[in-house]
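Next up, some structures in structure tokens.
Heads up, the next two complexes both have subunit A, just with different partners, subunit B and then subunit C.
== the complex of A and B ==
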């Protein structure tokens, strides 16, 4: 960037610069929510400085002070983020660069670069939120940025605001066909290109890969959607809505973790199954590899894997909405043949943990009771003893199992499931903890089941001879309504009910309206997530299959895309030519043209540099006999063409005047 | 180096490819096939930006980033049509250009008419490095655009082939069309004072002005100007009015100023023409009746704007007839 080049470029006028400043404020401001305040503040300060430089002729910083500023800002980014790489640091740097670029924007080319940086800033917002409100905001920002781009490229007499906005809007609308074709057909690579973006939205909640007291209670406070499942044959019964997630077999006295389950799953034995249910899931990203499936899954869909614990896994972490089709076989027997090793794993408890619980379990198992009866006894124990379902259990003393079973007796699913499995193992019945979701709201409009994070649940599985793993939900023994009606019912008398769960209390007036709104919003989110945010290689294949092009490989898809783009280009060319085909559709211009033709026939053709008035004056000089009628005609024409509010009658008069000419 | 330079790099090739287009007479309509379009440098930068955005979108498997990138692809591509359309169908009409003096800028004027119903903006005329201010033409109207060219030598300045171009609306593409009219601007010689003394009716012989005979027919009075001969001052009028008046005599045939090639000091042709040019201007300014004598051609003494331009044109084209 040497000086000579700069002076050769046309400068940026005050008008375009003000527009640029306005666009940048709109583009930068939302990053206050995602970036360190000083970063966004610095960028906006730079923009404000540029604005004052235009308005109040405040001097701009010199080259060296700018370089120093850039250096310090970069150091600041490193100090804040610890790196210059990765999403957050990258975005911070981009914002600062954009701000500083505005400060040194002096000519057309700098301004264009600033606009391009602005388009980049739009993208960075989507790294943090792709929700509909953000997208709507960015549509406005895009319109504004494009208007500024147009304004920058209109030196000389500038277009009016309405023309600018209209043109920008029209151009963006006309870009939609290309956008859609590319979005739907551009070959989608599955994974990240340069390593997993580790800095996914950190606020995202979901199941965890271990279970210790309190790990699920966080989830219960969140109404964020966990997954949406479409059931073509109608909603499954509430009792079947167990969404199987991570399974935990290892217990260290406080925390449950997944055990070794690398072996592939043995196929479920469907002989006792009661029919099967087909459905498809749209899973919200949760940064882990497991996928949720209705319990028990029949088999893994293509490209996924069921491990020995019947947990469905994706080959890579779920970073965007993941879609898959599944079948569940309620009642199918899982792992009827349990190997000695697996049995050992399902019986292990730490030697020192829960001495009182062991005692209790030993009593149940004492006289060779059948495992079924032990399970029965444990369920009765939870049901008959004064256990209490609450989301805010008292703090547990050193030994969580004994503490819960004999002292506090207040807790929720994870306490019940964990202690139940402990009791079973102590009594010699192989058992394990299953986490996932239970329940879901049926959305009639969308025909799908919405499962929220607050539906997170933990239950137990015990292994019984000939029956394999059988689901036992000890929470149901304490609060059966939790299973039948969902968490809202279970907590309806709770003092600490989270605000969003309280809405079911009254269905009158405003509350009903709010539910309606939520419902509508939720339906929109469903389609948005499924078809926009979750659009990836699978969706692309699905779409092609629906169009009857299932057999197309990537080459075929690219060819189809190219063909469609060429088609769009051809349609555009034709449309533009058509638009320009008869330039003179203005009746007034046609009338005037007829007038000039007539004058030419009479021997006085108009000269190219002559406006109507000059022409009339010349005719008056050269052809005095025509003077009066021509002057009159021209006066009416001028009134119609340039007058403030032309009278339609004048047009008719003009036409008769033309006929009256010789 | 400018944003448009990439397109300009290719222009010589296109110029050569289209060399057979003949100069137009008076008017040119910019048809589809006359309009060329190439990305500007900003357009290439924009393309690079899209590639980077696409990589980011793939890396983060971010649907909205994909959508935005593809929207910008569509927008950029749409720029092709809009930029092309910004020239399409325009009529460029040559207007007579005013003669200029060598060393000044010649302003070739063109009326640009927009018969369409979409306003056209940021239209530029260019010939080589010189051009004019950008103009806009509203729908169904016309405007006058100027192509300013340095007039270096006297004679005919032919603008030759120039371009009308635009980068509107996005600045990513530059559309242009070549226009060549069979036209020429007359460039008068650069006026140079002869020995720094303007020709005066009372001037001495060295200036090359033959001393005019004080005419015999009294033509009236005019305001005294410095340098007027005291013999011509109307002293009676001074007594009457207190102002100085010069008696003006209608200068008769044979008694007029002759601006004469041969009377000038013997220098090269161009200098002599420049001197004569200066003298014509001065003589016209003074309202004198002057004649011009060049080798092989002579203009009888006369006065008035038409005479002046005839003389100047003769000087402009001296040696190479128009």
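== the complex of A and C ==
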């Protein structure tokens, strides 16, 4: 067959090929968790084929079979994902093409290309998981890939494993400054950096924009962090740890929803406030726009706003860790002046819902009882009647309010808050449901409060004349320990608790160790989320401000980045030059260098491999007028450099000759 | 501008000049190969002449032997040549003296091994062993060869029919491999119009003898080599050992050969020290048959050595 072959390219030996195969297996395997099995399977099959081709001399597929394979695989990707664009389809395509590239890897150039594809494959893992263990895996994969690169380009006998790993590690470390500069200074876009929004799994734990029976109990099963808050003056008392989230004013008989609250909040009246607490929050992404704040928030931080219900909002959905600083003013009065419209909104209940509850409320409100007393009455009711706090309430019949209040009497915060607000409204007291988190775990190691999804909570607010909205937590009337000590304490032992909630039961040595480990892991996650995943435009500005570069716009940042990169390049180049510097302590070599430089200025630079005599001969040909002086200079130089026992006087003569040259 | 007095740093090359002129009178238009051959001899190395038949390989060997005043023997290698035909044989002597050794043609000062690649490997290696050890062992008795001992082997280009190419290990025994090539038009005309070469050789006077040659070789050995030059030599060697450049690099023996040949070349130039240009000049004949191109690059030895010279900067 008459095939054109790139004969100039050396082929890839068995050793480097085995390395390449091993690295690709490591790179591809984790994608079994994220990609269709056939995609990863096909890529690994191609790698295995290449391995057998080396080992057993199995023939490799020809050009046309490969093209057909590539075509079919692309069709398969389209069939599976419906597109070739986007994260999943893109990664699938990359994996398949990497596998097929290995099949046609014959010479050095192909192998280099495959390695570069491998680096891309490393990055794709980060599109699916940004957790620290994945990062560790990626670092190992990078190291391995770089080791293959070294093995492939190593001159002479193959380097030892330790040598390869050492060099690869050193190369990665040298890349670190560049990585840091790019990470810190590259212009940041608001929005998710890693996740591609339309591909993001929709089921993500967090508060929801409505409350119906059961919506919070799912959350209580999750120990995922919801937010972390740092309090410079120490943790706030447990009774103040109410994290305000969505506020619900509209009730349709089953589901609570946010009412209209477009107007900005009226400023809280701090006259009754008991001091203020400053803190900063790192909020986990939850795909909604609201932000959590300690109740009540004093004012919105820059760029965010408080709506009329005192819910803090971000201008865009929170797709990655969001950081903000806040102040709370415990005891401040909210919305002391309630407009008629707002009052109407806070009193509305559907006509048909909860007839027995209405009856009860009407009894309380009889003969113009003061609203404070009605609240008191309701709280006593929850306290004295046999209500029971449980995470697994029985199924509620058609009318959830009546069913809960009079039949089942077992439930958790959302049942109590919902039915309490219903009762209040029925009794003519403006009321609403507030959801959010209550409590949190103080992490001594990190110095911050960790609030988990399992701390999700719902409580009520009633509006009282002259006092505005006042927080009332009916759950506290049933299970006060839920508020004081957290959810673990509130649940009786027979409750079917999730494992992580049960861990406080016994403080055996192992359990203590586990808690230590949890603390440590949590602390690491805190910094990782705050400084790596949550490093957005705000964090970047904050960092620049801290460095005294607050006024820099994105152009300035890019310029700074470019400048620093040039600086790093310069430092490395200088280090390289210093490392490979010629031993110029030899004055003779220096003198000759000056001579050749002078000749180069005259238009005849020396060639690197040109001996002094050949150089002099060439000068004589090209510039006959210099012949004599150059020949003379060269003879003396030769005698000094190559001759036996050079006369020390000759050096002096040589220097004079150099001065005499043009 | 008055010229400063040039220090006296060169010896007299007159005897070499005479030798080269005299041989050049027989082999016309080939001063460079003649000079290389002489350098090879001064460096105590053996010479491989590779070329077409009839370009004057044998004549060169003969003329050199005459001019230098050395004993001369010639072995025509053929496919049925036996080792005994080279080193000699013990013959039973009826006169009661038992076995008597009849030395072969190898016992001489200059041996011309003509068309060495026509003989089978066994005979080739008999000669090559003698070249390396400067002694032969026949029936358990080791006999020294004369000193100086110099082999000029000629070889037809490999592709010619009926040849046994020398393996690399045996090529390595030759210090240099040189080509004569066709003479240019003027030299060829002088050859055609001149006298018979054999008559010319017969009339050549011996300018040296074995004793004098040994003394000259000793002198060449003592020639000064500076640190700077050894640096350069080491750079050249290191470059050949990078498998990206050459599949087979230069051995320490080759490095020693390069240095010896460079010394001889400097001596022929009348210098008492070696300069980088000496190394560059003798590199093609000394390294050309020892380097193998890197995989996939079918480069000729000339290009290989030129590439080597151009790739390595002089320190």
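The definition used in the following text is that the second predicted complex is superposed on the first by the 512 of 662 C-alpha atoms of A that agree within 3 Å, B and C clash if a C-alpha of one lies under 4 Å from a C-alpha of the other, contacts with A are read in each partner's own complex, and residues count from 1 in each chain.
Everything that follows uses one rule, which is that a contact is a pair of C-beta atoms (placed from the backbone, for glycine too) under 8 Å apart; a residue touches a chain by one contact, two chains touch by 3 or more.
The structure presented is a predicted model; accordingly, all values stated were derived computationally and were not measured.
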Query raised in the report: Touching A:55 in the superposition: subunit B (first), subunit C (second), both, neither?
Result: neither
Requested in this report: With the two complexes superposed on chain A, say which partner A:628 touches: subunit B (first), subunit C (second), both, or neither.
Outcome: second
Query raised in the report: Which holds for A:534: it touches subunit B only (first), subunit C only (second), both, or neither?
Result: first
Report task. Using the touch definition from the top, say if A:636 reaches subunit B (first), subunit C (second), both or neither. Result -> second
Query raised in the report: Taking the superposition as given, does A:63 touch the first partner, subunit B, the second, subunit C, both, or neither?
Result: neither
Requested in this report: Please indicate which partner A:614 is in contact with in the superposed arrangement: first for subunit B, second for subunit C, both, or neither.
Outcome: second
Query raised in the report: Now for A:120: first (subunit B), second (subunit C), both, or neither, which partner does it touch?
Result: first
**Report entry** Touching partner for A:319 - first (subunit B), second (subunit C), both, neither
**Finding:** first
Query raised in the report: In this superposed model, does subunit C or subunit B come into contact with more residues of subunit A?
Result: B
Report task. Kindly classify A:11 by the partners it touches after superposition: subunit B alone (first), subunit C alone (second), both, or neither? Result -> second
**Report entry** Intersection of the subunit A residues that touch subunit B with those that touch subunit C
**Finding:** 8-9, 155-156, 608-609
Requested in this report: Can you check the complex and tell me which residues of subunit A touch subunit C?
Outcome: 7-11, 155-156, 582, 607-614, 628-629, 632, 635-636, 638-639, 641-644, 647, 650, 653, 656-657, 660
Query - Residues of subunit A that touch subunit B when the two form their complex - result: 5, 8-9, 87, 108-109, 112-113, 116, 119-120, 122-123, 126-127, 130, 135, 138, 142, 146, 149-150, 152-159, 163, 167, 171-172, 174-180, 182-183, 186, 188-194, 197, 319-320, 532-536, 569, 572-573, 576-577, 579-580, 583-586, 589, 608-609
Report summary line: subunit B residues touching subunit A in their complex are 1-3, 26-27, 32, 41-42, 45-46, 49, 53, 55-75, 77-79, 81-82, 84-85, 88-89, 93-96, 109, 111, 115-119, 121-123, 133-136, 140, 144, 167-171
Query raised in the report: Which residues, counting only subunit C, touch subunit A once they are in their complex?
Result: 1, 3-4, 6-7, 9, 224, 226, 228-229, 241-244, 272-277, 280, 294-298, 309-315
